[in-house]
Structure formats: structure tokens, C-alpha cells
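So the structure is just underneath, and the comments pick up after that.
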């Protein structure tokens, strides 16, 4: 349960695909090297940004094995083990263990209707089933429940959770969690924000790190941002964050009358990586729909404006 | 795509478990014989009531293989192939095909945020990938989107969908669907209601059948109800339905301050089957929490009142 | 608290407006006579269909005074007294009393976040404040909470509520309410459905009446439907209901990319009344946006298809 | 449309009530002096914290008249003009004008289902109807829609809106709004956060001020916090904010199994003001339920811990 994952920038790695929808391991390798070269502090494979929900179990295992092989211990590898309930998540935990990952990241149950006591029970059962550090992934937009500070810190105090990735976007709740964490002396419980847009302010509040989807496209920016925060250079952090806020607008290039938010954001990340020459194809998994030529051009313009092309 | 599934009572079969959380195939066999003896018109394995979301892939396959072996062609077997997105659902379709199922039942994508055009694309890709009839499963409480009549009938007209299981509880929308289906001459698209409480009225509107979770506990009641509807004996149907409404109160025995709605309803179905001597254990899968002794006694009282004990 | 309102068809009366957004009392008078001529059993002024949420207090009082004057005791007049909380609702109750209405209809509090115990308290305080029969209006789409059968029947047993208008669209919950009402011998608590599309089946379940917005446009249809149900002629009821389902499609003429559901449905009701020569103007209140000429033509086509033009 | 309201601390003033539920003007006067003595930059009467939704129109007018009389031009008075739709809001605007308020604050329509184009139309009509500066109040938890940056800045550019009070809690969206505001040179459009817990970080992002409900209880704290931010003393701001985060826990003293979130938070603010000797009674309006003696003692303990008693 002792965790090497202390904080910093831990991008949720995109999963490059080939045109026939197989995992593009060559591109994934280049993407990982691109991230490591920027100085990231860890990588998170099979998060929402990694299209975990769109990959078969065989593909998920392939992603984890490729990732640990490429990373080869240079930084910790966190593995998403996201599925509907405890028994199914445990299967993914087994795979993550066999692939040599350093930690696992699980959401609350979804599809089912689950009581908070059952959510806590879920995390306790998962922790009992593995030696790997367990992180909670708080993502109400996907699982339709919110992890409370009370639940998280109870599980932290009992050694169940090593930390949380907070993708709730609820910064007031995050603030409450961070203050209560300090009050209870539970700082070994590590808090990562999943927001691309409030990194400086979330780290200012005491969060330990960030898991930014946009960090696939511009890892240098997020590493600079986190280092400025760590150094207490809040003015530099503010300027870097504001540049990244402008870049983040690329996630909205997709026409909402035609495609979903996921197709737009993940399509834009992959288009950006393709335009920057990191991956071979900007393909996203079905039933997501591709960006149009004009929308990809919108991504290009954002990259140019941000100095990335 | 030609479907043997025309209507009637198609219970979503519970998945009996052993105390060590393995599929209890002996109990499952007895449960299936209990249903078939009542004259059900089909069985639906791996629905929400079947705790599909709580079973590993190996367990899901075991359930399907046991079900097709026991049923042995006496009625059609529908297989839930429920997962987050198209590529993952396709894996379950392969398993259902190999297990000899007669049709597959898929929801809209969940966990992800999906545009209606992407939901239609999802069903089209699934239909292209199999010879089995494909049913849509409309369950907003779990997937957080609603399938519109326009989408369903477009997919019906194009031969993509053989039917729908409507668990939305939105009877006004169901009415609209049924009237528009008739207007467009698409009656080969079969409509099943997932509601235990409005079977007489839904069949009266023109629905073809019902997939009642409570039908595990009292299949005779639902078969009598559907037959009364088919015979146009609406007074008998009303009386039978009202008896079943009273029985359905067993799904609320669980204290909502302590456990979730799923633990309460699925726990009560299994407790009822155990009390009636059909299955060996009332165990539900984690992280669901068990009913208390008093709550099980509440189930018993409801069974006695309904003449089932 | 003794109520004359026993059941049948009680349309939620549209509020005709002049082009300069005043209450068009001449048109309102003709609309009321049009409804009474069809044999409706009561009228409901200042419901959601009556654009209550868009009218000033002075206009609301004017609507009530005009309505009671025109109706003049021929049928009961129910008055919507809808506002955010108890003190504000009480003000509307005073106005309804002074205007000579026969009953008041109140929702749960909205805008605020209210506990079920506080919702019950709200209705108790309202009942204490008036001699008029009090009906609960269950409309989750507007107030974002659902009135449970347990709460409603507790308030019925205590003489707080004379009945409910159920616009939740949750027919399974309605069924549960009706069966429990019968079990507890509380039939003096009257249940009206707010659904235009499930009147035959809701009355079949035991509901006492219907409050159909579409009944403004075609009161004859709803009166025929309710009378067929009362006479036990369910085949005639089915045919009439299905005709009304087709007519109801006029509520969707508005382009959802351009205007809201309220603008579309209320705009279509008023366009239908204008096309049928009942009211002088199809104007709706701001910030609703008007139907286009093509959309009004869509309303016309539906009226022609239904034999109303 | 030129606005004196530039930023800083603008508490949403509680509305003290007497035991017989009248506005307690003496207590309101003392509360306003308590706020002004702390150096607040404005006061916001009739916000959600001011129990606007629980007050009759006469009481609302009484609150505004008392407030402007007491404040007497020392700081700007913003008036909540919150109601369901444009015509009703306009009535409140008239009252605010007559009472001598300096600006009005309106939400999007609620109760009704409103398209974004209709929301923009709503604000345009309101702005046309008054000379007072108009602020938008973004509070999705109450009105169930979110104001987008695109809509707000379009209305700002057109001179419709003088600013926004953002009570959405969506700090990523707030960040996007602030960066786009700067990009478009629209800084005259003033942005206030409604969050008590993220003031330092929201001001760091560029927000101009804060409207903190907790500022009723501890205005000195919020004034110190805002002044530290203005001075660029972010460490002092952090310490003050974290103290206020701990104090904010008083809003959760109410047992959620017994009363709603509004009863708990507003009850705690009033209990705190009563314990501090500012107001005579801690009464909240019906149907809110009062805090228990033990819960009030929880408020007292929080005040002691924060150095306020």
C-alpha cells in the first residue's frame, strides 16, 4: 500500500489506434517517450482519456503491457481498472498486477444504483484483493455519484486508499477535502486534480498533482506549470495556466449538434498529437464519430496559437 | 435478423450465487425449470436483474452456457450483452453466439457521454457484427440517456433492431412509440415493457410482452396476467396485476438509509426464491449489502399475503 | 375541505394574451365556453399550461376573476397557487379565495432544496391556512422533486390533501399510489393524471380524472375518452386515445435547436386554438419564442388529420 | 448601465425574521451596520441567502426599503429580482427601482423549460426595461440550467449585463470565462464568485469579488481575505481562506435525515448571527425546519474555534 506516487504531472495517456481499430503500439511508444521527455512524474494508462471504456479486455491488457515495457520503471505507471462493480474491477486489477503496474485507479460502481456504504465497501474489497496502492477516481459525470470527503478520508485513515483523482470539477468540495486532510494529518493520502484549467489554484490549495488530458498534447506546459507551483512562482504558474486555458479550447472544436463531448475532446487530443507528429493516426474508437476536416483545422489553429506547431 | 421472440412473458433471470460468490448452476437450473414450468415465452439472461453488472466475463459465459443447456430450445434465450461501448459489447455478442443464444440485448453506451447519432451508430455497428436479432434495452436510470421513438423506429425500419425492452418507466413515450410503430407498419419491431407494475396497461397499449424482474418470484402470476391480456379479459388482468403490485412492495424492504435500491430489490427477489425453495442461497454479489433478518421476514410476509408461501 | 371535484376531464386552461401581452379576457371567455360546451367536469386555471409562471400577480388575479365570472358555478374552478415556498403560495391562496375559486392546487417548493419532511410541512401549513380543498401538483420536471405515495397518502389520511394532479409521467408510481389508496380506503383522495397520452390506461388503473393540456384544443375528444372509460367501453376509449396521441404530436412542431419545449407545446396549443377560431391571438409570454409560419402550418396539418379543421 | 459595483466583498444579506415570521427590521438594521463596519464593498439584498424565495412581495419590498434606508449610499445595494420568468422579474425590478437600489440581480428562468436562446432573450428584455445595471445570477442548483461563457460575454459585449454572480461552483468554467473575458477586452463586465470556499483562488484567476453567505457571520474574515488578495499577499489570503473553510462546516450541522440543505445552512447563518448578538432571533421561514438545540451548539463550537465567540 506504500505508494511511489507522490504528486506532480501524471498524464492520462491517450490510446493511439490504427485505422482498423487495433492498438497502435508504435504510436503508443512514441507518445510515452514524448511524455517522459517532458519530465512527467508518472503516467496513467486506461483512464477516460485513454478510451478505456472503448477498449476490449485484450486491448486493455496490451496497453498496460506496452506501457510498463516502454516506461520500464522510469516513472510509476498507474492503471485504470474501471468497470461496473467489484468483481469485474478485480479482474482488471489482476491484469494490472501481471503487467507490472505500480498502482490501480478505480471509480465507484456505475450502471447500478449504489449506496455510499456500498461504495466504501467496494473500495475496501478492492484494497483487500491487491498489494498495489489503490486510488479512487471521482468522476460524477461518468458514474453519477460523488465521493464525499468523509468517505475518502475514512478510507484513507484505514489504509484503504492511497489517494484520489478528483475529476468532479467541484473545487469547493476539493477545498474542503484538502483542509480536512490537513486537520487530520492524512497527507500521505495524495490528491490529484483531473482538471486541466485549475491546476495552479488546485495546487495552491494543497493538491499534490494533476492528471491532465491536455497534457498529452502539451506535456511541457503542464510540467512547467507544476514546477512553477512547486517553486512558489505563482505569477509564472498563472501565465502558463492561462496559456493552457486558451489551448484547451481545442476540446470544443466538435459541433455539438453532430457529435458528443467525448468525440470532440478525445478526437481533438488525438488530432493534436497527430499534427505534432507524435502518433500515426487520429482515429478514435466507435461509436465515437470523427472530427471533420474543418474541425481538425480548428485544432491546428489552436496549436499554432499556443506555439506548438 | 428474423426473430423467434414475438412477445409474452420473458423474465430477466436472476443469477443464483453460492456463498463464495460463484455461479450456483444447480440453483440456476432449478430456477429456469421453475420459470419454464409456468409457461414463460422466453428467458432473458444477464439483464440488470441477472446482476450482469456484478459478474465477471467468465461467470457471464457460464450463465449463458448453463441457460441454453437447460432451456434446450424450449423457448428462446435472450442474452444481455451490456457493456460501456461498441467494441466491448461485441465481445459479449461473440460469447452469446458461441453459447447458442437466440438474440442479444444491448443498451446505449454508458460511462461515456454519447450523442444520439453515436447511439444509433452503436446499434448499427452491433447489428452488422452478428446474425442474431438485436434488441435495444432502454434503461435511463442506468445509462443516463433515453432512446427516442424516432431513433428506435429508424433503426427498426432499417432492419437494425428486432425490438426494444423499455425499462424507462416513461409510459407516455411508450405510447407514442406504439402508435407511431402502427402508423408506419413496423409491427415486426417488438416492444417489451420492463415494468412489473403496468403490464396490463402496457399490453393494452399494444406492447407485445413483458420482462418482469418480479417474474422470477411469481412467474405463474405474470403468465396468467399476459394470457388474460391476450384473451382480452381485461378485468382478470386488472385483478392479477393489482395482486402483483402488492407483491412488488417486497422490493422496498431494504432500509434506504443503509443499502441501495439494487441491494434491496435484487436481495428481495433472491430471498423470495430462497423462501419458495427454488434456489439454495439468497446471496447477492458485492458490493451489494445483504438484507437483514427482519427485512427477509418482510419478504416472507409479502409472499404469504400473495399466496406464494 | 369537502371537495366538489370528483374526477373526469378538468383542462388546464390556456391564458390567451393580446399582442401587447395583456390577458385577453374576451378570448379567455370564449375558450372557457368552448370547454364548457364540451362537457368538461371542471377547469384548472393558472396551471403550467396556463402560463402561470409567466404572468404577473395582477394578471394571475385577472385570470381567476374572469374564470369564476364566466364559469359562474357551472363546474368547479381549480386555481393554481404555484410559487416557490409556503409564504408566497399563501398569498396566491388568498387571491383564489377572494376570486371565488373552488379549490387550490400547489406544488412542492422549488428553487430551494427541500427535504421530504419539509414538503409535507409545506402542504400542512397551506391546508391550515384555507377552507378550500387543497390538491398537490406533482411535477418533477419543474420542481425537481417527486411526491411519494407514502407522503401523499399520509397527507390524505390526515385530511390535508383532497387529491393530486400527477404530472410526473411515472405510471408505475401512479399504479402503486392507486393500489395503496384502495388498500387504505382513502378513495376520497382524488387522483388526476396530467398525461395527455395515457388517460385510458390511467383511468383503467383507477385514476379519477385527467387534466390534459391538449384538452384546450380538443375538449370533445377528452370528454368522449373519459366517458368511454366511465362506461367501461375500453375499445372506444383506446381508439379515441390513439387519435389524441397522434394529435399530440403538434406539441413537437417547434425546432428544438431554436426554442424550448415550453415554447413549442404552449405555442402549439395556442396556435391550435387560434386556427380553430377560439382565441384571437396565438401569442405566448416572454421569454418564450414564437413558432415560425412553417411550424404553425405543422399544427394546422395535425388539426386537419384529427378532423378538427 | 454604468455600474458602481466594481468588486470586493458583497455579502448576500440574511433576512432576520421575528418569531411570528415578519421581517425584523431592527435586526436587519443591526446586521447591515455589522457588515458595513467590516468594510464590505456592497450588500446584496434578496439573494438565496436572504431567503428571497420564502418572502412575500410585501416583505421583499420591506427588505429593500430598509436596506437602502440604512445603507444610505455608503455602499451600493444590489437587489435580487428573482422569479420564474421575465414578466414576473420585471415587477421586482420596478420595486427595486422605487426602493432606490443600485443594481438588480436576476437568474435564468426556472420552473419552465427554457432554451439558451430564450435565456439570452430574457436578459435582453430585462435590460431594456430598466436603467439599473443588470447582473446575471448563475445558480444551476436552483434553476437547473447553467449560463455559458459564450452567452454571458455576448450579453456583456452588447451592454446587456454589467456582471455575473457565479454560484455554479464550476471553477473550470469560471476560469474559461475569465480568460475569454480578458481576450475580448470585456473587463467592465464584473465577475463575482458565490463560493465561500474558493475566494482566494477565484480572485487569483481574475474574479473581481465575492458574494459569500458566510460573510454574514464573519464579514471581517472575508474583508481581510479580499484585501490580502488585492494586495497580492497570497500567503495571508491562503491562511484566512483556510480558517473560513473550517468555519464553513457550520452549514452542515443540520441532520440530512431530518432537514434540507437550505434549512441547515441558512439556519446556521442565523444561529451564528444570533449567537454573536447581531440579530434577535434565529428564525427561518417555512417550510424550513429549525435546527435542534444540539445543532445550534455545533454552530457555537465552530464560532468559538474560529475566534468569533
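Labels for the chains are A, B, C and D, by order of writing; each one numbers its residues from 1.
Heads up, the rule we're going with is that contacts are C-beta pairs under 8 Å (C-beta built on N, C-alpha and C of every residue); 3 or more make two chains touch, one makes a residue touch a chain.
The UniProt protein names, listed by chain, are A, B, C, D = Dihydrodipicolinate synthase family protein.
Predicted model, so just to flag it, every value in this text is computed and none were measured.
Visitor: Copies subunit A and subunit B touch; is their interface built from the same residue numbers (over half shared) or different ones?
Guide: The interface is built from the same residue numbers on each side, given that over half of them are used by both copies.
Visitor: Rounded to a multiple of 5, how large is the rotation, in degrees, that superposes the C-alpha trace of subunit B on subunit D?
Guide: Angle of the fitting rotation, subunit B to subunit D: 180 degrees.
Visitor: Compute the distance, rounded to whole Å, between the mean C-alpha positions of subunit A and subunit C.
Guide: Distance between chain centres, rounded to whole Å: 49 Å.
Visitor: Which whole number of Å gives the spacing of the CA centres of subunit A and subunit D?
Guide: Centre-to-centre distance between subunit A and subunit D: 35 Å.
Visitor: Touching at least two other chains at once: which residues of subunit D meet that condition?
Guide: Expected reply: no residues.
Visitor: Show which residues of subunit C lie in contact with subunit B when the two form their complex.
Guide: Residues of subunit C touching subunit B: 169-172, 175-176, 179, 182-183, 195-198, 200-202, 204-205, 234, 238, 242, 245-246, 248-249.
Visitor: Over in the complex, which subunit D residues touch subunit C? Could you list them?
Guide: Contacts found on subunit D: 21, 48, 53-57, 59, 82, 84-88, 90-91, 109-115, 117-119, 121-122, 125, 141-144, 256, 258-263, 285-289.
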